[in-house]
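Each of the next two complexes has chain A plus one other chain: chain B in the first, chain C in the second.
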Partner chain A sequence: MPRAPIIENARSFAWITDKVCGIVEGRAPRWWWIGFILSGMLASFTLMGLIYLTAVGVGVWGLSHPVFWGWAIINFVFWIGIGHAGTLISAILCLLKQKWRTSINRAAEAMTIFAVACAGIFPLFHVGRVWFGWWLFPLPNSNVIWPNYRSPLEWDVFAVSTYGTVSLLFWYMGMIPDLATLRDRVTMVYEKRAAEAKTAFAKSFEFAFYQFRRVFYGVLAMGWRGSNRHWSNYEMAYLLLAGLSTPLVLSVHTVVSFDFAVSHLPGWHATIFPPYFVAGAIFSGFGMVLTLMLPLRALFGLHDLITQYHIDCMCKICLATGSMVGYAYAIEFFIAWYGANPFEAFAFVNRAFGQYAWAYWIMITCNVISPQFFWFKWARSKLWLVWILSIFINVGMWFERFVITVTSLANDFLPANWNYYSPTAVDIFTFMGTFGLFGVLFLLFLRFLPLLAFAEIKSVSPQADVHGHAHGNTDKAH
Partner chain B sequence: MTTSSEVFAPSAAGAAGRRDPSLPFLIGGLVLLAVSIGLLFTGSAADPVRPFLGYLVGLTFWTSILVGMLFLVMIWWMFDSGWSVIIRRQMEFFLVGFVVIAVAFLPLVFLAISGSDVVAWTWIDETREKPGTFGMVAEDTLFLAKAAYLNVPFFTARYILIFAAWIGLAFLLRQWSFRMDETGDHKYVLWSRRLSAVGLFVAALVTTMAAMDWFMTLNYHWFSTMYGIWFFSASMRAALAATVLILFWQAGRKEGLRGLIQPTHFYFMGCLLLAFTVFWAYISFSQYFLIYSANIPEVTFWYNIREKSVDGSLNAWWWVSMALIFLHFLVPFLFLLFHKNKFGKPLIFIAVWILFFHIIDIYWNILPQKLSAEGLLGYTERGFVPHLTDLTAFLAVGALVIWAFLRSASKHRPIPIRDPRISESLNLHE
Partner chain C sequence: MKKIHGMLALFDTAPAIYQAANTVREAGYKQWDVFTPFPVHGLDGAMGLKRSRVPLFTLVGGFVGFWTGMFIAWYMGAFDYPLIVGGMPYFSPVFPFPVAYEMTILFAAFGTLGGMFFFNRLPMHHHPVFNYEKFRRLTDDQFAVVIEAGDALFNEEETRRFLEELEPLEVVAVYEDEEAVSA
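Here is the complex of A and B:
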């Protein structure tokens, strides 16, 4: 009963290096330019939405009595959740010694950073006067106004900024050996590209680009020489950052869940919220990793590095976390009845059968039912199906935050307050634009930084197994 | 797979010619169980249900270990884990204890069916006083709203369902693993994985049900969506700590794991113990914090009686609460952070420590309840006073579970010699 190989076709170190570096060193494919331009155009929606909001005020969003939290907090939680898979893969799976993580950690970590950037926009701009955003930090200002430390929104400031900082450090530190490899290949790549350049302009461009790459990778590689001491320090720093990041994965979405759960509002005040939110975040994050990695795998021909085994693992994590989320939905519903609080019971019945029932059932279908396909090998091996299901997960997790936020507020304690919340065009365009921003950042990452952590991949490749066997076991990876 | 019994079976791994050391545990356990059942009826007039709770604490301690082990076995199957294979076998021995627990639980179910006054679940008898307030249960709006769930026939059905699921899963996982020893047929691996996939769902459902039925409904006014996860987290910790002790015991036995178990096995168990120490604290804190923060009286009373008497003075439970924070979380957390403490005597020490405070945690969850109404808003709560049943039930159930474990361990091989991952487990290194 051999284990599935992590790297297929016994690829050598040289092949792995060429494959991953080739993505950065080759010319940008046409689809990249199309994607980049479209993403940039889409991102402009966010820019315009935010300019309009800053000029006019938060009234341009669809917030109205009693729904004073609308798409902004939904989008914030959605993007923060997306980021969790990156940290889970790089930190928790590292501590659990899961070697398959090496093929997907880099892109997932990049996804984390960009998702946190997209998430940060919404709380920052929801303050209305964005130039006072720095008041969120505990700095004395001229009016001696201090943040309310009892508000979980204030805790978010610390939780998210710490999480973003540590994730960025982790991502960058893990990249140093790969950046050094890219640095060492700069001249070779230049010579090759310069030889292909036909016009004087092209030659000048190649030279300028060479200078840029020389400095860019040279500075970022921080003098890495791959010495024994470098590797030893690197491994220790990696382990320490993994240890630091692990509680951060849990704490960030726990604090995000506190935004809701510390209140009295029916549907929000549930003790299960912290682990339920964390499970949901990992679920949505893995959904997004699948959404991104499956096309990239096909476009760059990375089938030997991101194998069916990796896809199986990710699908199974989606299945597990999606089912945990399903457990939380069920237990919330049961306790809403068992608690015998009529407001709580109403909130849940209203979610399922009230004016927002459509959103609730989209959530259930996407988050609980769709990952159940991943039980079956045939479903996991049909990559078009996996990709569609991953989109379902992304959609479902956005709707989960919509259901939690809006249904509880729209139909609160006093029926006289009740209202139907609808987003405005500004809401919709600002949110859609964040996908453009995310796309721009991710496409730039593809062009300039190593997509896969190839130094780490080599360590789990067949060539790294110096014994050529695994203690009598016929398989190479375990 | 080339692994075979010829290669890896030590001479002691054969099944024949064992001395059965389990008999004293059986006799002692039965005697103590009879004593414990007798003691159930010795509660005071002011608090007739106190011995019942002591019995429940004893049962719960051993149940939680078994529940944690069942989850771990299934999780390891699902992860296709290699390092843990020889540890899994010790848990498979222990899982037979579910039958003992089911039998030891029966007196409580029969008493509930008979509507006895000694039963701590107030809701089984509608003529009783509402917990901590005036009036009968039958007049309680909260009870009436929950009566569809809180009734003896449904409770009994749930008891059967819970144990049927636990025993069924444990039975199949044990049998298939033992059969693989004999036949070497790896179809049992696939069967076990498939069963574990479904079994984790089933176990999550029935374990939540058990936590709610047996502990949460001790005061049926209270509720928390987190409660099932609290029991799961506490169970995982207890199971890991108990397994560490079993491994040390087995490591010293020629017919056990001597020469087979590696220091890395203990190290990994120490790591898991650290992880679940944090997880337990995370779950316990989150539940406390959200209830404290929202400050809704319909749920805060559960923590209030674990902190203060009705006159506002700190009661004995406050000290227990502090012990749980500092001694059940902080000490093991700091201790297990150190690499050297995940081996040898330090690991034994912290495993015993965790198990001791696990009993305190169970005590703290089960015992403090509103006793009677005093004045318009006041009530008295049960104090932190040990009862003989606490000890006898703990020893009785423990002796019987250990008896079942020893019997099982003496009948089967100490390691699953034909498991396809056995070589990974035997050649484990960091």
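Here is the complex of A and C:
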């Protein structure tokens, strides 16, 4: 069976350049402005929530005895997990030589960075006195004390800040050749846009915009000129960064899971947590990639670059990781019974049938049942269904973190301690606002940076083959 | 009088640039380069490039990172301000391992990116090849070979004739910046 082509309709190099650069060179479509304004309004919820929290104290969140880890940690793990798909696509699939990654890696890496930014907000403000947040880092302070390296929370500081930084480096380095292409087109684009400008105001706007773009892309492209002596070092550096990001992404959610697993609480203290969290993170991240890429593909007409083959691949990864998550849920129950620890057994029975059973069954439905549709080709080719299922995955993975965090805390060893945890309006608005923040950042990315890694897409297209096998495996496309 | 930087031949397919690179190498030129809009697989071999040395930087970065992680945990927890927490030792190579692990990756990543910039002499916002009027196509869909004037075998007439035999779209001379020459 011949492989599905990565680029449909045998598009030329110039077509690919024009298509992707056109997204940032044309005028912002109306939906972009609508989305940007709505996202900005939504993001203001987070801002107001955080101002209120800083002014009054963490008591404005629904935290009370015995649940002192509520939505903040849930939202943190949720957002960090989403980021993992971006790194998986850019690093692990690169090492595995999965060529289809080139069409989606740039947007997925952007998603990673913005998700990490959203995630960072929660633990930072959860410390209460946020102006002391820098004490998390090993910097000399006036109390002459240092961070405690024996705590998994401190490991998390290192893991997440390294993750954010390395993702940013990798994303930026991958963009340099594409930024150079945008830089080289700046004058041409200005001439075209200036010719269309009617009024004096429009003309001066175009000129100011031209100057901005000239400097912005010029500086960011670092003077890249496509020399093959450069490409040789660049390719090596790219491979090394992929090799470094692979153990990094696996370690980040491992360390996040240590926040739970290193404690002694039933339901948290489990050796299965690291692989289970990593699989869940990749699962949720691919859910988010599908949620974002399906509308973008339709809005920008990228059907030749993000094909049904790409969507199939992403659905299959969701299926695989979703099944791993389901398997982990089952094994947790088995170990709770097999381990013969009454507290552990109670914690799990209580999850499924206790006061938070509703959340548990939402989690099971969304995470275990919904990806099973992806076994079937008809489901993967119905994009509206894929999109809805991707939303289910996002919801389910948020509930997974809710179930893990809250059920274990709310019903711990002493029944006299038990309580029912509910978030406050501040919790809810602060979290909803982070979707706005994510949206604002992602929409800005769409307008200013190359959405697809087109230099890489060109390098995997059949016409890039130096031995002239351009028509070898695309014959069936004719 | 403009100073010549080199002779450029423009191509429009990947196989053509690959053949051209092979021929230029076989002719014995040393100071020359190929410009492509994307990394062309196999071109390093055709140009006779040695394996990139960027991994050196990665190795040094990773080494420094790991020991930095271990050192700060020892210095802060066992030397500068020893504090008993949870009955655990002041220092052990086990508990700061996640920190040292992350620092290894962080420093190695900076080393890799820094190494790439170092060996490529970037950022460099001026280069004679940018003066080529169709340079825009070289980051879009076309390819070029440039044989530099500094090469021992370079001769304006002969190199032009040599490049024309490769059947490129065009052969043009690329000149240095005016300011660079007068400075």
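The working rule: the second predicted complex is superposed on the first by the 465 of 478 C-alpha atoms of A that agree within 3 Å, B and C clash if a C-alpha of one lies under 4 Å from a C-alpha of the other, contacts with A are read in each partner's own complex, and residues count from 1 in each chain.
Note that in this section contacts are C-beta pairs under 8 Å (C-beta built on N, C-alpha and C of every residue); 3 or more make two chains touch, one makes a residue touch a chain.
Everything numeric here is computed off the predicted structure, so don't read it as measured data.
Trainee: When the two structures are overlaid on chain A, which partner does A:I335 contact: first (chain B), second (chain C), both, or neither?
Mentor: It touches chain B, and chain C stays clear.
Trainee: Kindly classify A:S381 by the partners it touches after superposition: chain B alone (first), chain C alone (second), both, or neither?
Mentor: Neither chain B nor chain C is touched by A:S381.
Trainee: Give one of first, second, both or neither to describe whether A:R3 is in contact with chain B, with chain C, with both, or with none.
Mentor: first
Trainee: Report the partner of chain A that touches more of its residues: chain B or chain C.
Mentor: Touching more of chain A: C.
Trainee: Which partner chains sit in contact with A:S204 here, chain B, chain C, both or neither? Use first/second/both/neither.
Mentor: Neither: A:S204 stays clear of chain B and chain C.
Trainee: Would you sort A:S422 into first (chain B), second (chain C), both or neither based on which partner it touches?
Mentor: The answer is neither, since A:S422 touches no partner chain.
Trainee: If I apply the document's touch criterion, which positions on chain A are contacted by chain B in one structure and by chain C in the other?
Mentor: Residues 247, 258, which sit in both footprints.
Trainee: Chain A touches which residues of chain C in the complex?
Mentor: The touching residues are 13-15, 17-18, 21, 33-44, 46-47, 49, 51-55, 58, 69, 72-73, 76-77, 80-81, 83, 85-86, 88, 95-96, 98-99, 101-103, 105-106, 108-110, 112-113, 115-117, 119-120, 122-127, 129-130, 135-136, 138-141.
Trainee: For the complex, give me every residue of chain A touching chain B.
Mentor: 1, 3, 247, 250, 254, 258, 261-264, 269-275, 323, 327-328, 331-332, 335, 338-341, 375, 470-474, 478
Trainee: Provide the residue numbers of chain A that touch chain C in the complex, in ascending order.
Mentor: 12-14, 17, 138, 144-152, 154-155, 158-159, 162, 165-166, 169-170, 173, 177, 180-181, 184-185, 188, 218, 222-237, 240-241, 244-245, 247-248, 251, 255, 258, 455-456, 458-459, 463-468
Trainee: Could you please specify the touching residues of chain B with respect to chain A in the complex?
Mentor: 1-3, 80, 82, 141-142, 145-146, 149, 186, 189, 197, 201, 204, 208, 223-229, 278, 282-283, 286-287, 290-291, 293-294, 296, 298, 420-421, 423-424, 427
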